[in-house]
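These are the structures in question, set out in turn.
Each of the next two complexes has chain A plus one other chain: chain B in the first, chain C in the second.
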Partner chain A sequence: MTDHNDSDLPEGQYKLRLFITGSTPRSTRAIENMRRICAENLEGRYDLEVVDVYQDPEATKDLQIIATPTLVKILPEPLRRIIGDLSDRERVLAGLDIAPLGKGDHE
Partner chain B sequence: MAAKRKNTDATASATRLEALRKTPTGIKGLDALTLGGLPTGRPTLLCGAAGCGKTLFAMTFLINGSTEFGEPGVLMSFEERARDLETNVASLGYDVADLVQRKQLVIDHVYIERAEIEESGEYDLEGLFVRLGHAIDSIGAKRVVLDTIEALFSGLDDSAILRAELRRLFAWLKDKGVTAIITGERGDGQLTRYGIEEYVSDCVILLDNRVEEQVTTRRLRVVKYRGSSHGTNEYPFLIDEHGISVLPITSAELGHSVSQEAVPTGVSDLDDMLGIHGFFRGSSILVSGLAGTGKSTFASSFVNAACGRGERCLYFAFEESPDQIVRNMTSVGMNLSQHVERGLLEFQAARPSLYGFEMHLARMNRDIEEFAPQVIVVDPISAFRGPSFEIHSTLVRLADICKSKGITALFTSLSTSGEQMTESERSVSSLMDTWISLKDMEANGERNRVLYLLKSRGMNHSKQLREYQLTNHGIHMVDAYVGPDGVLTGTARIAQEAREREASLSRKQATERRRREVARKRTAVERQIAELRASLETEETEVETLIEQEETRELSIGSERSEMASIRGLRS
Partner chain C sequence: MNRPSEFSSIEHSQLIELQDRLREAEETLDAIRNGEVDALVVGGPSGQQVYTLENADRPYRVLIEQMQEGAVTLSEDGVMLYCNQRFAALVGADRQTLIGESIERFLAGEEIFAFRRLMTLDRGFGRSAELSLLASNGLVVPVNMSIADLEVDEQMPKVLCGVITDLTRSRERSHELAAANLRLAREIDERRRVEDSLQLALDAAEMGHWDLDLLNNTLTRSTRHDQIFGQVNGVKGWGLLTMLSQFVPDDRNAVNEEFLRAESSGSVEFERRIHRLNDGAVRWVQVKGRTFYLNDKAIRISGVVSDVTERRQVEEQLRQSQKMEAIGKLTGGIAHDFNNLLMVIGGSLDMLDQRVAKNEKITRYLTAARHGVERGATLNQQLLAFSRRQDLRAETICIDDLINTFANLLDRAVGEAVTVKIEAAPELWYCRTDAHQLETAILNLAINARDAMPQGGTLTLKTTIRMLDVQAATANGASAGDYVAVSVADTGVGMTPDVIERVFEPFFTTKEVGKGTGLGLSQVYGFARQSGGFVSIESCPGIGTTVSIHLPRATSLEATEVVADTPVEVRGKGIVLVVEDDSDVRAVASSLLEDLGYSVLEAETGSEAMKLMDRGERIDLVFTDVIMPGEMNGIDLVRAMKIKHAGIPVLLTSGYTAQRIAMAEMAEGLQLLRKPYTQVDLSLAVRSVMKDQA
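This part shows the complex of A and B:
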């Protein structure tokens, strides 16, 4: 699942996929939350792709999606899935292995 | 059979408002006890402890669906990977890869790794729905298996969300109109670990794998079937290289038609003892006896004769291997291997301890269905150890199966010494139509075999004890000597016969002697008569001589007197 051809991504880059279901409020909320977290924490070093599983159901199989919304961190390894509308920012950052801003420690 | 069921359902629905439609599983026995299969378009819960065969069951449902009923299927596996599943069912002879290739089957492995997952905020399982929906639509699936969906609970924290989503999932499956099997692991005090039986309530089937006295028996029970009657008992089922078969033991009816035809026993002398010169076709025969009385030989004679007539025989051997039986029977002049080669005779050998009774019965039932024999032999039923009611119920069912199919069944049973009946004998005696008892008579330092017909329903039969011998050309009866001291056999019989010959000889001699004596007496008497006569004659002769002498003297005296007178001058 993680063996995508990602060699073109420079070191330290984040390859992220966000799986949502159409334009439900929860999906919209997840996209907004993710955009904000990326902008604040991963400025310039992320590649976020939003996948609508209604449009691309096959993609659910490839990345083992069961819950929606799900954010999958493909790179850097290890692979992580963060499920939910990403409203709990702390947990998103923990899942992405990024120390949250304003706090010196992990978790 | 499934098709027939469908038809009756179709006609029934015409009269009623809407009868419950059923989807056959293609699993022999299960469709019979659910009267047609699983409820069409509804989810069925299949639960049981680990190792019960849930996955195989579900998989068989899908494979049969696509191969036999033209209904493609989707397997969503939460536990095993697609490749492992393929390997697992390959042992049952299913080529899953081919079905996948032909778009008859989709296997989707849902991989949930707790360590990879972080939860942040609200979510639902729409992803799973989309995934499943996509799989269903891609091949037009009519059947779906979710195995084991409860794995979600170990992967995701929020069980409240999960429960709500599962409820929605099952409703969604119903809307989709697919017939689904949801498997679930058995939990404490409830059918499934997370209590999903609460959401899947149309049909619940429980699988069980119990070990009793070191023997494992798989059992199945239909706990619930909304809107349909169903068999409520626990039914044994088995998984082997032929797939899954469930044994419906609902055949306890006594409505089977009976035959008047006589089937020769293979022992002509025994035929003569039976009023119809054989057993009734479709009857059950018990041959009981001590070790070494030739039970298997009687069974083999029967089989040999049946195969010789071109009938098909199935021989269930529980104590000897097929090769051993074939070899041993050549010593009594039977060539069973020729029948095996012609495909008329099949041996099924298994140690009785290999399975429980139920499992044995299930296997035998399946073998009978497959081989379609006219004659079966179970050698011996006494090999089954266990509580008598279980043996009884097993054998009742086996006898019923045979009777309903018109199969003549011969059971052998090893008796323990003495008059005591063994557990298995007692439990089956009332089931048997003909009971041949083989006995050992021990006397004068030797053992001899005798046979008698304990009973034979529906025919006049010999009540005599008959001695028989296992010769190198089969079984032969000898007239047993019945004397004042009971039945004599073997050398005792021969000795008795000799004694009889002797006695008759001496009787003859006595008569002869008496005749000679009489003759002698007659001669003696005649001699006496002759003697008497002779003495009488002698006496007569003497008397006559005396008389003559007297007369002579008289004469001479007279002449002397006249002479004297003349001399004296008296002559004047």
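This part shows the complex of A and C:
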């Protein structure tokens, strides 16, 4: 997965890609959840792309997406996929390797 | 797991990585199993395929259903496979009745062919056309139909999708817009026509247009306006001051006041003089305009301007000629009566001369009295000359011949202080006029020239030829043609325009009392007019004056009569009928004739004379006045005699030769004796007529 390694991205910067399917309720929820999580935890240090697989099915190939919605953490490594509407905040933060705010530092 | 030796070699970090990936895979499976996903992406030979799960395309369906455009899917031959609610509403039908129907059901006549063309156009591209749908309720709905091929699956039959937009509102707006445009275009046309005709009228009237903006003091002008002011190349902005500066200094204040007044009075109209820029000429312009107000404040004055110089000149000429005509009539009337008086005095003197015993004193008195009568007669001739009622003895003469004979006369007339220069014409020019009168006219001009040069100077007598076109001739009250101009130019004091205006009036003189009669130029004027010509004057104070007598050029030279003077009275015999309305004149004429040896009968009117002849009295000669009151004047009498008494000879007399009346009769051999006449004149005339007849 080195081809996704954007070396020009500053240290500590998150590169995220969210795959959705049109305007379904679940896709809509996923977008909203993602934006909230980013705003709360990654303010100023993330780069989020939202891909509609209807419009661009081929974009799923490289990242081996098999279902939508799926959030992919491309950077920092390691690459992680989180499937679903992202309503389980704890799980999303864990997947992104971020300690939730208000809690102790992650080990 | 059955090869623990391999696991032992795996690093701890790698282990964690593997754990994470396992967890991710399990989560994915859970999510799919629990239905937490919308779609599955499956790789295949023809690329990634997206398989949506339940309701994933529902939002699009809602979108299509609720949009304000009609949407349909069509089979290749136009059968509707799907249509949205909006389309059903457009064609006014139930959706259930539409699916499976051909969309051509809602297309009338030619529109079907347009639709079919649309369907078969380049496949794969979107295309559209404007069509009219025929709704179930009979309404025709204008629509735009966009068609695109719906690429679903190679195995599926061909499907097209169409979006139908109702153009009714947009058409209405277009129509409203078009109607508004048309109205606007018509208004513009109308305005342009009005402007064109206004321009045409202004051009025809040779008027310029101007518009004075009072708020920012700018004057907008038309091309014609600038031409009138002699502004050749279109120049910078004008203000009121620029315009005022065009007027002659004497008129500027008045013009300024006119414009100030216009701000309150609402209009402006005046005629003032300008200095025309390109040639410096002084021209009269007429300015007319109207004031425009905004909230009771004058904001601009707009109007027209025209050059009225020529109109004013024509008016001036007309006034002048009317004045001269009136004075001429008055003068002619006076001269007629005056002639009769001179006739009585002169005739009486002739008879006294023969009847009284003479001594030196009496002879002196008689000579003085006769001299007075002669001077009076000369003066009267000039009055008659001015009033154009003298008898012109017109003949064709060569001006140059005459002028050479004038040279000595002029030298004597002007005195030693003045040098006389004669400029002979390069050719011999002829004109038809009275040589004696021309001589008098030139002498009169020479005397005026002399008096204008008390300190001496140069008098130039010159003959030129001038060709006048209709316009130049009309300006001088003459007909177009060639004129021989005899000019007398001096280097004297000159005259101002107001003096020039009056110089031809009888008795108008700038000379001291007793030095001039004021009749010299009047004679020149009357003589020139009566010869069919005119007089022009150019004068400049301090530089000099040139007066030119213009006489119509004659083409051929006629033989000139040579008249020999035989100033001796001739006595005779016979009965003469004297016809004369003035009793004093009649008495004098009778006495003179009796003295000459004739018997005399008298008649006061023409009809009385006819009665005498009708009675069969013996009459050898009728001596009649031409101008008499009553129904029969001298000419009428002659005509009546031609019928009844053609054998009796006639001698006419007049102090007031109305040339027009006399000429026709003169041509028939009638003789005319001019008043006042002496006894010698009378004896010769009577003798001549009776001899002709004998």
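By our rule, the second predicted complex is superposed on the first by the 101 of 107 C-alpha atoms of A that agree within 3 Å, B and C clash if a C-alpha of one lies under 4 Å from a C-alpha of the other, contacts with A are read in each partner's own complex, and residues count from 1 in each chain.
Here is the rule we use: a residue touches a chain if its C-beta (ideal position, glycine included) is under 8 Å from a C-beta of that chain, and two chains touch if they have at least 3 such contacts.
Just so we're clear, the structure is a prediction, and the values are computed from it rather than from any experiment.
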item	value
Joint occupancy of chain A by chain B and chain C, clash or fit	clash
Contacts of A:23 with chain B and chain C, given as first, second, both or neither	second
Touching partner for A:68 - first (chain B), second (chain C), both, neither	both
First (chain B), second (chain C), both or neither touched by A:92	first
First (chain B), second (chain C), both or neither touched by A:82	both
First, second, both or neither for A:14, with chain B first and chain C second	neither
Which superposed partner A:60 touches (first chain B, second chain C, both, neither)	both
If touched residues of chain A are counted for chain B and for chain C, the larger one	B
Listed stretches 130-138, 238-246 or 526-534 of chain B, narrowed to the one that overlaps chain C	130-138
On chain A, positions contacted by chain B and by chain C	21, 26, 53-54, 57-58, 60-61, 65-69, 78, 80-85
Partner chain B, residues of chain A touching it in the complex	19, 21, 26, 29-30, 33, 53-54, 57-58, 60-61, 64-70, 78-89, 91-92, 94-95
Complex contact set, residues of chain B against chain A	108, 110-112, 116-128, 130-131, 133-134, 152, 156
Contact footprint of chain A on chain C as seen in their complex	17, 20, 24, 27-28, 31-32, 36-43, 47-50, 52, 55-60
Chain A - residues contacting chain C, complex	20-24, 26-27, 53-54, 57-58, 60-61, 65-69, 78, 80-85
